[in-house]
Each structure stands twice: as C-alpha cells, then as structure tokens.
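Pasting the structures here.
Below are two complexes that have chain A in common, paired first with chain B and then with chain C.
Moving on, here comes the complex of A and B:
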C-alpha cells in the first residue's frame, strides 16, 4: 500500500460524513470556518438577548432622570476599597465654575456606592406582562448614582439609554429589512420568473428609485410626517419609509436568482406536473437559494441601521422621547458639550459594532451559502 | 456607439421625468400648500391677506385644479421659465437661494471625488498585489470600519479632537478674514486648509467602498490563465500588471461615478450641518424642518439631476472604454 492510498483511507470517515450531512449542516460547517463571522454571530445573539430583556438589563428605566448629575463622567467598577471587599463605584463630588456655570464632577473615593447583581430598582413589566423590579446590575440603594457609562445632558444614565436605544435601532433595521424583503421577494420573483414586459416594468421602477439619492428621498418623505405624531406611529412610519426605498437591491438579487433557475430541469418538471406559478415560485424555486437570501438579508440590515441613525440624528427620523442611537448622538453634536463629554459618543460605537457584526455574518453566510461549490 | 448614446440619452430623459414626479409627490405630501402657509404667516404678523391677493397667489402657483394640473403648472414653470417656485423661509425665489450654493456643492463634491480616486487606486492595487500581507489586512480592516461608520460620527470625532487639541472648530470653508477677499494664493491656501476636514469626512465611505471593489476586481483578474501564461513566459511582474489586469481593474473608477457622486452629495447634507459649509445640504435640512417644500423639493431635484448626469457620463465613458459593454447592449 502506498502512502497516498493510506491517506485516502484515513480521510474516508470524514468524506462519508460530508456526503451524508444535510445541507444545513454543511452550511454550518462552512460558516464556522469564518472566525470573524462566528464571533459576530455570538455578538448579535447577545444583542438579541439584551433587546428581549432590555428592562431587566438596564440599571434604570428610560424615563429615569437625575437632575443632580447632568453630563457626569463614567464611573469605574471597583472590587476593593479601604472599607473592605465588595463590588462598588465611587460617588461624585461636583463643582460649579462661577463664570461658565459649567458643572464638573470628580470621583470621590470617600463616598462608596455599593453595587450588586439582581438588585431591586424601578418596577417594570418583562415582555410587557411579567411584573418585576429586579435589575441585572444596579446600586444597592436605588436612589444612589451609579452611572457606568456616564450621564447625558439631561442627567439620564447613558448605559440604560443605550440599552433601550439598541432595542429601537436594531429593530428598525430588522423589521425594516423584513418589510423590504417582502416587497423585494414578491416583485423580484415575479420579475425574474415571468420576464418580458413585467420584468421590464419592475426593473425600470427599481432603476428610478435607485437614481434618486436615498437619504434626500427619505428626508423628503419623512418631512411630511406631522410633528405631533406619537413615538410609536412615527417608529412604524419611519421603518416603512426606509423599507419602501431599500427593497430595490434585494429585489434585484432575487430576480437574478429566478432568472438563472428558470431554465433548470426541476422547474420544467414542476410545470409539466401542473403546479401553479405561485407554487413553482415559492415552493420549488425559492427554497433552493434560501441561504443566499438570508445572507442578503443580513447584508442589508446595516444600511437600514445607518439610515435610521443618520435620519434621527438629523432630527428627521425618530424623536425624543423615543431613544435610538441617532437620537442619542444629537446630544453630542454641540461641540461645546462634546468637548467635555466624549462618552456621549458611545452610542456611535454601538452603531459601528453592530453594523460590522451584521456585515461579517452576512459575508460568512454568503461564502457558506453554497456548500457544494468546492 | 451612436445607437448606444441615443439609447442612454432617451433613458435619461425618462428618468428625469420620473424624478420630477417623485419630487412633486414630496412637495405635495405635507398638509397645506405655499399660499396657506403664507396666509398663516401674515395673520400671525397681524396683516391678513385680502381674498383677491390669495386668489392671485393661488392662480400664480397653479394651486387650484387637479393634482395633475398642479404638476403640469409646476413642471412647465421650471422647464420654460426656470421658475422653481418661492421659498417660504427665505422669502425669495428658490433659484436665488440655491444658485450661490450649487457651485460650492459641486466643487466640494468633485474635489472629494478626485481625492477619493487618488487615494483608492494605489491602496486598492497595493492590497490586491500584496494579498494576505500585513498591509492588506490593515487596509481591509480600515475598509470595513470606514463603511460601518456613519460619516457624521467621523465628523463628531474630528470635532472632539480638534477642540481638545486645537481649542477650536474649523467651520465653514474660509476664515473670516479671507471670506470676502478676492481670489488669490492666500485665499486658495486658506480654502485648502478648511477643505481637508469635510473631504475626509465625506470621502471615507467612498474610499473604503472603492478600495474594496478595485481589490476584488484586480484579484479576479490576477487569477486569470493569461496572467499565469504571461508569468510562465517570463514577463516581469511590473509590466505584466500594467499591461492588462490594471486596465481592466480601472473600470470601477468610471462605473462608480454613478454611486459615489450621490454618496458624496449625501455626505454633504450631514457634514454641512456640523461644519456649516456654504453648500446645499444645510439648506435642504432647514427647508425640510420648516416644511418649505418648494425649496426642499428643488434641492432634492437638483441632487437627483446631478446624480443622473453623473450616471450618464459614467455609462458613456464606460461604453467608450469597454467594448464589451458597448456591444452587449446591441444584441
């Protein structure tokens, strides 16, 4: 037996496993090889947990306002002080400049604020129906200041605000993309499957929408919203507006796939079997590239999140009392405020992180989507 | 080529028509129109408009009649008389508000476009030729970051550092002492001193996107059999790279005018806001917030028209450069 043959035998169990694995398993194996994508997927999973348990994770609720501590700097969690062992933060001493009236805060090691896990705090309803008052992390005495990421110009805890904003901003991205996808999948499928004048018409509409720069278009549509509209209504309409402009890229992707698949044998045989057009499109053709669709979905969420952030930051998207990353960053846009409070840029960091994560996961999925390629 | 040109021009005309429809929808979406807004403004100031004034104004702006009639009135005014309507906020014709800023907007965008190209080309080529090197990884990482960071965030970070280090924010496009001066070397230098910040802020996304495209294109090209064949025949790397792969990889420069240009214009909306540039961005935002719809709609239209022209130019250049595209359309 030559060395080569021996290697061939040694490889065989893996080979067998490979040929017997389901497609889902193959995609997962290919995805796992993309290290960054895997880390990003965990990050996004963590984010989803935070979104679901947002009231519990945030130390304070989103209406909490402490006028004694406006734009206070972040505190550092400590384990050890002169008075013994235990998780705590230092309190603040404040000083007001008599001329500029600007208040500056210093950490005060004398003033120890004990911090604990699962502490009692403001009451809330988890998932909207389970009444609770425990928070993941918070001051032992609910009245004490514990602002790990500092406070905003209104004296709100930045950490809690970011947690609530994550729910709003990320869900705008996800819901918006799902809406856009509904439009994109139907129009893209019809366009690619039937071809001819339908295809032509849909393609012209797509090109038209793409030819208007998207942010001005979004701004123009958002400007029509009445100023007195409630935050919930505004949230849904902004999401819809984002989706109405963003479906075009997805529709193109779907159309291309349908166009390529139309001449495959399994489609012809489904036709000869007398399946209806809808059944052929959505039962036979669509599932054959569902992993590509998930990749495309994941890659279009960042655009949505960035658009919402820009829109809200410009004051044309969501508005306070709604909190989103863009709304939060408005706080940082006055340079006199920003120069003394760089922690106000933390929401921006979240945007970058989440956008990167969605991009990496999308890239990983796209590469893994076709496990039979190699 | 003539047929290709004709087809593109016809297509552009259709797009322009459709854009005008979209803009008209945006103008008519908010409740109320220019004259009702004006009436409200005058009654607040304590001097109501007479019935005949109102009727005259409504007649002048063609506000009575069906939506289609209103659109027709609006578009013919623009095409025949260059009359974009009145700006409610500025109390002057829209074209007088836009005209002085249009030049700066285009100038800033074009300069940024040139700088974007000048940066993206060498970086993209380097990272493709030296694939998997430390430099390539650095470039790829920066590219991801550049695409993931909203440009207003870059501007905010810039402002933070310039306040903490230099103690002030460089706003506008010229220092006060040079603004009214006539053009000379000093003013140009002063302008360049101000221009680099908006350029970095607006251009980062464009550079990141372009580098990625050039890198991918060049990598695809370098894997082609003809490159291997040329290498096997002993063609040195430099000339080999220059002769074909690089020329093919140059295509995205031209084809991206279509999407880089709108990206730059949009960047201007955001950046102009923070750095108070004399461009169209801040005007658009102010107009939208005040629901000054003739002005807002017109700015959107101008931006779209610039984009469409950019796309046309890039299509034509591409058709001229690349026979595959020119002939592919003739089928």
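Moving on, here comes the complex of A and C:
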C-alpha cells in the first residue's frame, strides 16, 4: 500500500465498490476464482434440487418392486432404431441357468419400450401436499421395465433408489452438521466468552466425548435404539447421535476464537455501548469469523455423510425400507453379487462425488474467507 | 477554581488483578494496578493523566468508564457511587461517561460498516431506529469531519486519523458529559495528530464536555489539559495546573519525565540533562513501603522509605517543599 492510498480515501469507482463491499461480497468475489469449487457448488445445487423434487425426478416410487427383473443390467437410452425415431430403451430377454438358477438378462432390440419426459406414472405428493402423477422421465406405459441404472437384487430400479437415497443421506449430513454446529457454536462461544468455571465444565465434557473412539460410540448408541422403531424416528435419532459426537471439534475452534477476540478493543467498546452478552457474542464477535464457520461447515458435511453410510452399511444405522447410500451398499457387499452386477456400486460413486464436492466447496470457501490476505 | 462543580470524584480507588488463586478461588498473588487514587474532575475541564506504561493510567480510565471493576474505593458521579450500581443501572451512567480508545485499528469491528459502528450504542439500547437513527449518525459524522457518504464503508478503507474520528463519533453519539480519551492520538502520524486534537477541542467547546485525557506524551497534554495528574506505580504522585506543573514540577518523578521530552530546538540541545532513572519499577505484586519511587530517586532519603506518604499540596513527596526541580517551560521561554 502506498502512502497515498494509506492517507486518502478511495474515490475511483472500482475502489469505492471495494470499500462498500461487505464481507459476504468480498468472499463471493474470491470464491468465484476457484474453478473447481464453483463447479462443485453447482453440482451440490443440483443435488439440492434432486432432494427437493425427488418423487418427480425418480422414474419409480421407492417402494416399486418388479420381481420379474431382479439384478437386471442397466439399459441404454436410444434415439433411433429400425422401427423409427423416438426416445426408447430395449426390453430384456431373460434366461435362467437350470443348475445355478441364476437369471441372466440380454437387451432385446425387438422389444422397444418408448420413453418420454413428463410421463404419467405412479401417484405421489410433491413436497408432501401437491398430488401429482407425472415423472421427469419414464416409460410411456407405466408397467414397462425401464431401468437405466439396472435393478437391485430385489428388483427395484436402482436409479430411483439412488435418488431417494440421496435425499436421506445428504439430508442426514446437512441436518446433522447444522445440529452439531448449533451446539458447537453456542457452547464454544459461551465457554470462550465467559471463561472461568463454565469454560472448565464445557472443556471437560468435550475431552470426555473426544476420548471415546467414535465408531464404537455410534454403534453403542445406535444399538440402544428399539428394533421396532419406524424409519422416520430412526432417521432423526441417528442424525442426532451423529451430531452429538461431532460438535466437539467446532466448539473448541469457536472457543479459541472467542478467547482471542475477547481482548480486542471493539469488544470492550461494544460492551460499553450497552450491548447484552448475547448481542456481543453473536452480533459483534461471531461475524468476525462467520466465513470460517461456513467453510468448516461444508468441510464437515462429508464426515457426517460417511459416518451415516458406514453406520447403515454395518446395519446399525438406517434399515430397509429406508433407503440411504449405506443401506444400498449393503447389497454390494457380497462379492458373488457384485461380480455379476457391478452397477450396484453406483451409490458408492455418489458418496465419493458428493463428499468430494463438499470438500472442494469447503476449500474454496476457506481460501476465500480471508479477503484481506492478498 | 472555587466556582467549579465537581463532576466525578474518585476516592481511594484500588484495582487489583489476581495472578494466582487458591483452591477456593481467593486470590493469593495480586498485581496492584491502581492503588489508592483520589482525584476530582470538574465540569468542563480537561484533566491530563500522564505516566509511563504500566503505571495504571489506562486501568484507571477503564475503571471510570466501567470496562473494569474496581476492587475497592468509590467513583462518585453526580452524587452517585458508580461502583455500587448494578449492571443495569450502570447502563445509564455509561451514556454519560464514554471512552475513546487508543488503537484505531482494533477498536473498530472490521466486519461492520460505519453506520453499524457509530450507531451501535443507539441500536444496542433501542434508543433510536429507522430514519431517526440514520439522521443522528449522519449528523454525528458531519460533526467529527466525516462525510455521511462514507456510512456504508468498512473500516478497512480508512486511515488511522479517520478511524479515530469514527471512534470519537461513536463515543459522542449518545451525548455524554465525560469522555475518557485513552491515548487517542498516540497511534497516529504527527501530521494527523494535531487535527484530531483540534477536533477534540472543538467538540469540547460545542458540547461542553469534560475530558480525562490519558497520555504518555507530555507535549500533547501540555497543549490540551487544564490540569495534569502524574501517575507512578498506581498512584497519583503529582497534581497541578498545567502551567505550574511544567514550569515547576514538585515531584522528582515528574522532573525525570520532563527531562525525557525531546526539545526540537537544536541550539538548546544539551542544555538540559536527561535524567536517567536507575533500576526498574518495583514489583507490582509486592509493593515496597514508603514512596514507590524512592529506589530510583536521586533525592531520596531514609524517611522516604517508611510509612505511607500522602498527596500533600499537590505532590506525593516528603521533600517537595525543599527541592527546586527543573521543568521544561523555562527552556522554551529562554529561546532568543
């Protein structure tokens, strides 16, 4: 910075824009430069749309089961065949091995299944209250088999299942992290701001939770759930369990920040302005590192998603009929099944993709969070 | 002097910081930051408070505005003892006693724009909102020499001098009577310093403010203050009218402070010897008996090292009557 810049006030339009830019804008400008993070952010935005409209996006209902086609391979969408132009897939011909009883499927170009956008299908309620029967993509005749990502061992459409699982797994991650952050921020802030015995108590609790290995702790807590509990109740309890274990790291970080900020003169000055403790903590101090919190938030969602996946895969988390990526991957855990049906690993790919996307977005946000470093 | 009304009367004020506590939370080792200060501020005056770093002047200022709890003693403001008030009652007195901070960088929240910073005292207590809030902020900004156009800008776009104007605006927006200015210009360039001092002087005349001006810079204090209190080791060691103090300091510590003021005129260089104090400050967790300055004082006698020495006739020194100490005003007046 030159002496002139240090002395005077910015008057050129670009500089004026910068002086008026709030923290949020400065972070956004910096974030936009991070290509990978931007692409990931779009991917996650798309995922949120899928979560919100999942009944519409999925060709079939999550209870749809077609016992005639178990472990059927993925079909290919075609635009052109001998019988003319039009979006369609080929039907299956099946053959059962008389000795192993194993059914193998072949694509049958003779059996044309017309596919269309916004087709009539199973009825559902969008957002839980708008009755609809249209699906984004589906067979023109609702009874026809259209399994773009193949089917599961139970004869369920894998694509539809993955769409429904995305809603469950991603929302466990997001809701769980929000819960954990609420706890972490409030307890961390109180601990760092007031200090003394409150600080001592909170820190000891954190140490206690941190000293217990997390997988056995999840397992123990999840095992204590009644077996006959419904899928919705189970979902919320599992989310809460994950959150109760995850808040500690953030609480420590927030406490450290509050300890450091407490001696800043602007905090003293806020106190002298007559602000209440709550206002000082959450209006004056927390915004100083809110961008770091958002970055930490998106960086900890993957951990939560992986935790749910692991827990469900082990059979201690969500259970069928609930579908989550972890529940789906249970199917793929037997080599004998997997060797014949590699498409059952698609939910695993989704986990990798979403976890990477959250990590890139988190990285981008973290780098952008400090606009003054350049 | 006699027609002056006392605004704030400080009586035997002690502030101690616990260094170590025992199991029951009782302090076992304490630092005495302010130990027995008696001081009266009169309406409309500027009282300069000088002393070296660590002498307790900032702690005294922070105790007056309520940022620091007093260990014992009283702060009587308009007849009411501030130390006895609850947190809620203190709220009202906080609007009458305000503070301007030393560091123009750490005292402004980097995440808030000027509207939020200057308006904060009004918003926090719900005193003003909407258009009225806006008007009062704009009015205050104009008074301190900032264009209201800058309202939406963030502190990172301002220089030190302008930030200090923001600090002053925030202090004055609630209409205080007493302003504790803790080294308000020591972090500023010399060129900007005079502007801020002039602004403080103008605002004092305009709003009838009383200042407690804390500084280690004797020339700034001489310029602004009506009376000066010299602090050493948590105590006021000398209190006098500014002119008298600079011409005839009556405490050896004041003389030593004055000898450290650089003289801009090279022809006078060397005329006045710099008094170099031997030794360090005493240990503030274990204060010596008698005069705290005795160990470093060239004039000290045995009687200085025993008993409590009161502030008598404006100086806390048993030998103040017999010594002829050197100030700095005569050096300036002897210029050709």
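Quick note on the criterion: the second predicted complex is superposed on the first by the 354 of 374 C-alpha atoms of A that agree within 3 Å, B and C clash if a C-alpha of one lies under 4 Å from a C-alpha of the other, contacts with A are read in each partner's own complex, and residues count from 1 in each chain.
Assume a contact is a pair of C-beta atoms (placed from the backbone, for glycine too) under 8 Å apart; a residue touches a chain by one contact, two chains touch by 3 or more.
Quick caveat: nothing in here was measured; it's all calculated off a predicted structure.
**Student:** Once chain A of both complexes is superposed, is A:287 in touch with chain B (first), chain C (second), both, or neither?
**Tutor:** It touches chain C, and chain B stays clear.
**Student:** Which chain, chain B or chain C, is in touch with more residues of chain A?
**Tutor:** Counting residues of chain A touched by each partner, the higher count goes to B.
**Student:** Touching A:266, do we find chain B (first), chain C (second), both, or neither?
**Tutor:** After superposing on A, A:266 lies in contact with chain C but is clear of chain B.
**Student:** Considering only the touch criterion stated at the top, classify A:100 as touching first (chain B), second (chain C), both, or neither.
**Tutor:** Touch partners of A:100: none, neither chain B nor chain C.
**Student:** Taking the superposition on A as described, I'd like to know which of chain B and chain C A:313 touches: first, second, both or neither.
**Tutor:** first
**Student:** A:214 contacts which: chain B (first), chain C (second), both, neither?
**Tutor:** first
**Student:** Figure out whether A:228 sits in contact with chain B (first) or chain C (second), or with both, or with neither.
**Tutor:** After superposing on A, A:228 lies clear of both chain B and chain C.
**Student:** In the superposed arrangement, which partner chain does A:67 touch: chain B (first), chain C (second), both, or neither?
**Tutor:** Neither chain B nor chain C is touched by A:67.
**Student:** State the interface residues of chain B toward chain A in the complex, per the touch definition above.
**Tutor:** Those residues of chain B that touch chain A are 14-15, 18-19, 22-23, 26, 29-31, 144-145, 147-150, 152-153, 156-157, 159-160, 163-164, 169, 262, 265-266, 269-270, 273-274, 284-285, 288-289, 291, 293, 296-297, 299-300, 303-304, 307-308, 311.
**Student:** Of all residues in chain A, which touch chain C in the complex?
**Tutor:** These residues of chain A touch chain C: 6-10, 15, 18-23, 264-266, 268-276, 279, 284, 287-288, 290, 372.
**Student:** Could you please specify the touching residues of chain C with respect to chain A in the complex?
**Tutor:** 62, 65-67, 91, 94-95, 98-99, 101-103, 106-113, 120-121, 124-125, 150, 152-154, 156-159, 162, 170
**Student:** Going by the contact rule set out above, which residues of chain A touch chain B in the complex?
**Tutor:** 204, 207-208, 211-217, 219-224, 226, 302, 306, 309-310, 313-316, 329, 332-333, 335, 338-339, 342, 345, 348, 351-352, 355-356, 359
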